[in-house]
Every structure is written in structure tokens, then in C-alpha cells.
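Take a look at the following structure, please.
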Amino acid sequence: MDTHEASLRERVTTALANKRQLVNIQVATDRFFSGRLNALETLPHADAMRDLARAIRAHTISRLDEYLLQFEQAFTALGGVVHWARDAEEARQIVLRIAQDAGVSRIAKSKSMVTEEIALNAALEASGLQVVETDLGEYIAQLSGDRPSHLLAPVLHLSRQDVGRIFAEKLHVPYTDDISELTAIARRNLREVFLAANMGITGCNFAVAETGTICLVTNEGNGRMVTSLPRVHVVIMGMERIVPTVKDLGVMLQLLPRSGTGQKMCSYTSLVTGPRRRGDPYAPQEMHVVIVDNGRSKALAGDLAEILYCIRCSACLNACPVYRTIGGHAYGGVYSGPVGSVISPVLGGLAAFPDLPHASTLCGACKDACPVHIDLPTLLLRLRRDTVQEGLSPAWTAAGMKGYAWVTRRYGRYRLLTALAGAVSRLARGRWLTWLPGPLGGWTRYRAFPPFAPETFQKRNRGGRHE
Amino acid sequence: MLREPRESHEKRPAQKVSLFVTCLIDTLFPQAGQAVVDVLEHLGVQVSVPKGQTCCGQPAFNAGYWEQARIMARNTIDVFDGSADPIVIASGSCAAMLKHQYPALFQDDAGYGPRARALATRVCEFTEYLVDRLEVTDLGCAYRQSVVYHPSCHTLRGMGIDRQPRALLAAVRGLEIIPQEAPQTCCGFGGVFSIKMPEISGEMLANRIAAFEATGADLVVGCDISCLMHIEGGLRKKGSRMRTMHIAQLLAKGLQ
Amino acid sequence: MNEAREEILRRLRSGLRVGLLPGAAAEHPVLAFATQEGGAERFTIELEKLSGRVIRAQTRQDARRTVVDLFAEYGWKQALVWERTLREHPGLTEALQQAGVSLLTSGEITTLSHAPVGITGAQAGLADSGTLVLQNLPGQPAPMSLLPEVHVALLSARDIYPNLQNYLDALDSPAGTVSASSNTVFITGPSRTADIELSLTVGVHGPGKLVVILWDSE
């Protein structure tokens, strides 16, 4: 467990050393943060809308089994196939089987966090299938073997020169760092991918139970491409991504783009309702939805269930002073920012992420920003409680806390210790200290520590204003 | 020389409050505690300091050590027993701890549960007490300094307090309050976070100090001594001449 | 697979008995929102903010003439087009063919992919965001608005609603409308990305140019 803390701190140190990336992160998050505020101002009844969205999410999660069954019924009636996956491995096997049964070999993917969560790409490639990410940022990350660093801006950490080099090396094109040219190169290359793909894999922003509809939101148009052109469409869906009705979807769509990028609507919002119908021009012949649990049902059973209300807008990332300081890679795992600090340990277990819940000052900016008012600080506190209960807290913290509780349990002990501390400070001539031993040295590396008062306030007021 | 406050306080019935000192003020900044008492007494409030206060338990609670937090909380609840007077706390974070977290910590406790809930109803943050309970914003203070106000996160979001300290500062004659960029950004203290994640904490602090220094103000004023301690520690390490001051100290100085 | 389904449902049901779900009401929450203001003028402003182009026309005939003028302006000689649009705008086929434009209403995707422009209708517009609503159905296929570099959409001002909420409320059955097609798309401006250095680039995989010909009355 100490190694996990070391590795978070190693990642943080690396992140803080990359000044250029830090500037990019600050520019991006500033833009998204003010974009969100401006966009919400253009939404009539924004507060009522957010309250309603929270109520819809809460109600839906409280009846998740019913709504999933309703979705299954509607989608199956359209000729689609619903699969259920208990964990990541099962989900990967299902997709492989679908690909095998359908005889596909070339897969075009639209960005999906849950597919990264289940590590789908590696499994597909290992069995000889070609998988190409088609969101520009994800495409660049895939080419360079890198990991996305922000929910909405995956290669925030790269410059256009970096992208130029990646394209030159991996796509064998002449080097350019002109952004329009780079985008045109990607468009040309990926157009061939779209036309040649026989399977499209997407995630799902929302699924509508009453109609069996899958909703996908993108700006580039790749979401439309991979859901219209290949003959097989597979949707990987975290099972909490469901809303009861089309009108509920409307409420979510009014909030999602505004909360994330500050757009009123993204360029393309696709509502895919089943596979090709008779007489349908240009639609997939086969459509599958893989409903993924992977720890979500376990989250439901405790006091962390509220995290399932999340609509993955990234408003909390853009508001978080910690995220804005260290960026997404430092969090490790697939999800970053405040939501990542909760969902990663909830889905992957605290033992794998014991440090993430502590990477926060609990300032509450995330809760203010969340369109569905998720109480992230309280969820983080509960995870910290669990960290301690599961024995994942470092020895020095445990010793310090137990000692602190021992001292403060009785005023007599407290008075003695504070008198000692006051005496020590007097020896240091009442100066602010610039060095402290052991783990406390973390303080003095960046700050001076104040001297203890020669007499505590309570001692000074002894014999004075008492009951 | 004491200035006469604008509002007449003689007509008001005598107010009585209990003061929760907070361990940081008690052990590190007792002068801030003295300032709180001075301001309250100036306004005709009778201040009692119940014996035997230690810590509200917030550092343990925030670190996930809820059993240890309960130990400290029980002591606090015991100390403040036997009175219905408002409990004034010159710290937004400690006030939030008593008001919101104590009832949650003892939710299922038959003994301490009702007592924690009763205690929570008495809690009042210092500026909230002055402005909302005593209905005073102008104490008749004068203090010639330029300041920037730092809204501590627990004060601002945890207790919903912002209007009150700003109103009190606005009424101080000669005080120049300088606005700043994105004032509600966290200073990076976060309790144990400051030593558990010192690199992040240090970087956040550096960003905040840069924002303060950009205002050219002499002082950073706030309602939470934990943030102020953090900020001043950073200012001193940097060799800056800027200092911090708790709002109670500023008001008390302004009364002299 | 069935085993997984049963297991997941069992986990859900037992979890829901003990889980803490703040704000969850047993009733499905519904709220009515007031109808907002917003028509052709607002639609135009919003779409132009997103680098879309809006050309106003008075009548359906004017709209047809505008299409022909547009083709002359850009010099396109081939176009993908909805059969439905050709039906709804009599004379359009002849006018374009006379101008030397070859029209494709169907075909292999690889063939369609080479056309420089696609002409479609739109069943609705949303004023507060400059959004078009299109559904994939016989006679009005999706690729026409997706594959070419330019998308030209013919929209009647009468079909513009103030916002998404008001549009859904105006439908007899939102579920029925959405279910009528395997693919309903809300198009808001041309395709875009800011993935490289947060610098906005218009025209990625979808059309880089969107022109809406907005006509007012018959």
C-alpha cells in the first residue's frame, strides 16, 4: 500500500515537472469552466433543470433492474441483441464472440470510457482483429501508444509538433505542424477506415428504456460514421447509463454538452434505435448492446451509490483545483479528476487505488459544478473511512491519528502537550520553523511552520470567563 | 481610544455566547481568539469559554479516522453540555464539522446522537453571528491597509458564508479591499492533505500566492486560521512581506 | 449469457435493498417547462455563430432557385440528394440537371463518398442552438448529410421550435417519433474538433460546411 502512495506521488512529481503540459491543462480547464458557466446562463430554468436531472438519475438508479429490463425488451423487439457482462473479462469475451460469429476483421471505434475500463482494444488486437480509434484525440493517442489525459480533450498534453511527429512516423506522411493540415490527414486516413470497417464499436452516452434507443454525442462525425456504415454495430454500455424516457434524454442533453465543453449541443447527437429495418437505407444489419456491470452493482449496495448518477460530463475535472494542477495522467486508471477518485476505487477496489480518495482538499468546487449535484466530497470522505477500515492507511498516519486522539481525549493531556510545544517554540525564539522531521517535512518543503504560543488561549483565560 | 459604534447596543438585551476556540487558535494563534472575544465584548456580548476544549476532530475525520474523530467529538459535546447559548466559532471548517458532521457521526448513537443534533443547532460562525444574529456590519472600525479577502472553501461552500465577512470588511473605514482573479480557488491546505500530498499542496499554494501578490495588497484576510496559517507559511518561506490576518484580528485592531 | 443476466439482476435487486440513493423518489419525476421564444431569426444567429451558413428564402420556389444559385457559386457538378427532397421541391431535379449537375439518390457507399455535396431536407430545427433534426428513412438516407464535405439542408421556418424541450413537448409521442427511424440525428453546425492544442478546426469526419436554406412560406 505504501508503494501505491509512492506511485501516485511519482506520477504527480512527473506531472508537475512538465510545465508546458500544466499550462495546457490550465488553459483547457479554464476554457471549459467558463464555457460551462456561460452556457448555463443561456439555459432557461437551468437550476430547475439540474434538480430534475438529479431526480431522474436518482429515480432511475433506484429502479435500475426494471429499466434495464424495459430497455432489453424494446431493443430486442427491434431485432437487436442484448448481452450481459458481469465483469471486464466477460465483456471482452462477448465482443470477441460477436466479431467471430459475424466474421469481421476490421473494427472502427468511437471514443468510449467503458471500453477502456474493460481494456477491450488489447484483447481484440490480441486475437488478430484490427481496431482503429476514430476520435481525433484518441486516434493520436492510439498511434503514439499514449493514454488520454482528459475526458473531453484526450491529447491535451501534446503539442501540434508532437502530433506532427507522430503522424510523420506512424502514417508515413511528410512532417507538418499545421493544425488544419494535420486534421485533413486524419480525415483522409480515417475515411478509408470508416469505409473499410465491417464492425463499429461505440460506447453509449445514454440509453432510453422506453424505446431501446442508444444516444451518442460527438463533435467530429465519427460517431455517425461507425454507427451507419459498418454492417455490425456493437455498443458497450455501463449499466448505469440509462434513462427512462425520450423526454428524460432531452433533459440530459440540455445539460451534458453545456456542463462539459460549454456548447449548447455537440455537432452530432445520434439516437440509434435498433439495427436496419426493412427498406432502411444504409444502417447496420446487426446491432448488439453489451450491458456491463464490472463493479457497478457492488457500488449500488452501499453508501457510495450516488456516484452512479454521474453522466460523464467532466464538469468536476474542469472545476477541481487538484486536477487543474496535476492533469489527468497523474490519477492513474481510466477515469481522472473528482469522479475518477471515486469511481476508480469503487469499481476497481480500494486496494488498487488507496491514494486517490486522499488526492483532494475537499474544497467542494466539484459538487458546485456537477449538473446532477453529486456530493463528491462526502463520497471521498466515505472512501477515506473505508481506506482506514481496510487497513490501507500508511503506518505513520495511523500512529499520528491515534496519538492525536489520545492527547485530545482529555484536557489534562492536551494541556501538558501544548505546554511542552510552547516551551520548544520558546527555545526556537518564537520563530517560524523551516524544517520539520519525517513525514512532517512535507510541510516545510513548501512552507514555514508557525511557533506554538507560550500560553494557550484557554490557559490565558483561566479564571476568567468560565461557566 | 474606543470609538462609539454607530448602532446602539445598550437597548439590546444582553447576549450570551459560548466560544469554541478551535485547537489551532488555542495553541498557535491565541491572539486571534483574544480578538474574537474583544469584538464580541465590544458589542455587549457576554462570552464564556467552557473548560476543557481540545479539538473538534476534523483532521481525524477528514483522514478517514472516524473512530478517533468520535473520541474528540464526544469530548467537545461533553464540554459544551448544559447550555442553550449559541456556540460561536471563528473558523468555517470547525463550524462545519460541528454543524454537519457531528450529527452524521453519531447518527446511530442513542446517547450522543440527540446531543450532537442539539449542539449542531447552536453552532454559529463568527461573522455569521455578527451580521445575521446581532445584525451588525459596521462596528465603527478604522484600519488603513490594503487587503485581499480569501474565502476559505469550508467557509464558502461548507457553511455558505461569504456575504457576511465581505460586509464587515466593506464597513471598515480606510480599508482598501482589492479584488482578485478567481477568488474561490482552494489554497491547497486540505488538512492532512498538506503533508500527505505535499507536492500538489505546495503547487496549489504557489498559484494562490501568485494571485495574491498580483493584487499588491498588504494583507490576506480570511475567516479560517488553518488556510491563513498555510498561506502565511508559504509567504514567509518565499520571503514575501505580505502577511495574513484573521478577520477578527482586523476588526479588533480597527476598534482600537 | 443467461447466467450472467440472472446474476446481474440478482445483484442489483439485493443491492437496491440496502443502497443509499439520496434524492430517489419512487415516482418517475416529470416537470413541464414553459414554451420559449425563438424562430427563424434566432436559428440563423445561433447557426452562424458555429460557422454555419443560413440563406433565407421567401417561398419554396425561391428556395429551389437558391439551391441552383449555390451550385453555380461553388461549381459543383455532382451531388447526393434525398429522393424525398426532390419530391418535395418540384422542378429541382430538372433545374440542377440543366445546370449540368449529376444527382445520386442511392448507390454504393464508396461511390457516394466521392460526391462533394449532399442535399437533404430537415424535419425540424431548434432555434436556441441552430440544430437540425434528420431521420434515416427510405428516401432520406443518413449518408447524404454525412459523407460529403458540404451539406445543404432545406428547412421550412414553420418547422422551427424554440428548443429541444419544446420540440419534444410538441410531438404527440416523442417515443413514437424517435422509434420511427433506426437513426435520428441532431446536427448542430459543421463537424469540428479542438483536440489538437485546443485549436478549433472545422470539418473533421462529417461535413466541414453546412448551408441551411431556410424558407418562410409556401
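Note that the chains take the letters A, B and C in the order they are written out, and that residue 1 is the start of every chain.
Definition applied: a contact is a pair of C-beta atoms (placed from the backbone, for glycine too) under 8 Å apart; a residue touches a chain by one contact, two chains touch by 3 or more.
This one's a predicted model, so the numbers in the text were calculated from it and none came from an experiment.
Taken as a graph of touching chains, this assembly is arranged as a line, each chain contacting the next along an open chain of partners.
Using the average of C-alpha coordinates as each chain's centre, B ends up farthest from subunit C. Centrality by Cα centroid goes to chain A.
Between subunit A and subunit C the centroid-to-centroid distance comes to 30 Å (mean Cα coordinates, whole Å).
Look at where the CA atoms of subunit B average out and do the same for subunit C: the two points lie 55 Å apart. Per-chain CA centroids place subunit A at a distance of 34 Å from subunit B.
Against subunit A, the residues of subunit B that register as touching in their complex are 18, 21, 23, 25-30, 33-34, 37, 46-55, 57, 59-66, 68-69, 71-72, 75, 82-83, 153-154, 156-158, 184-186, 188-207, 229-230, 232-234, 236-237. For subunit A in complex with subunit C, the touching residues are 24, 27-28, 31, 42, 44-45, 48-49, 52, 54-56, 58-59, 61-65, 68-69, 78, 83-86, 90, 94, 134-137, 140, 153-156, 158-160, 163, 179-180, 182-183, 186-187, 190-191, 194-195, 208, 210-211, 213, 219-222, 224-225, 227-229, 239, 244-247, 250-251, 253-254, 263-277, 279-283, 291, 293, 297-298, 300-303, 305-306, 375. Residue ranges on subunit A touching subunit B, taken from their complex, read 9, 12-13, 16, 321-322, 325-326, 357-365, 367-368, 381, 383-389, 393, 397-398, 401-402, 404-405, 407-411, 414, 418, 421-422, 432, 434, 439-440, 442-453, 455-458, 460-461, 464-467. Interface residues of subunit C, counted against subunit A in their complex, comprise 1, 4-5, 7-9, 11-16, 18-31, 33-34, 36, 46, 106, 109-110, 113, 126, 128-129, 131, 136-138, 141-143, 146, 163-165, 168-169, 174-175, 177-179, 181-199, 201, 203-207.
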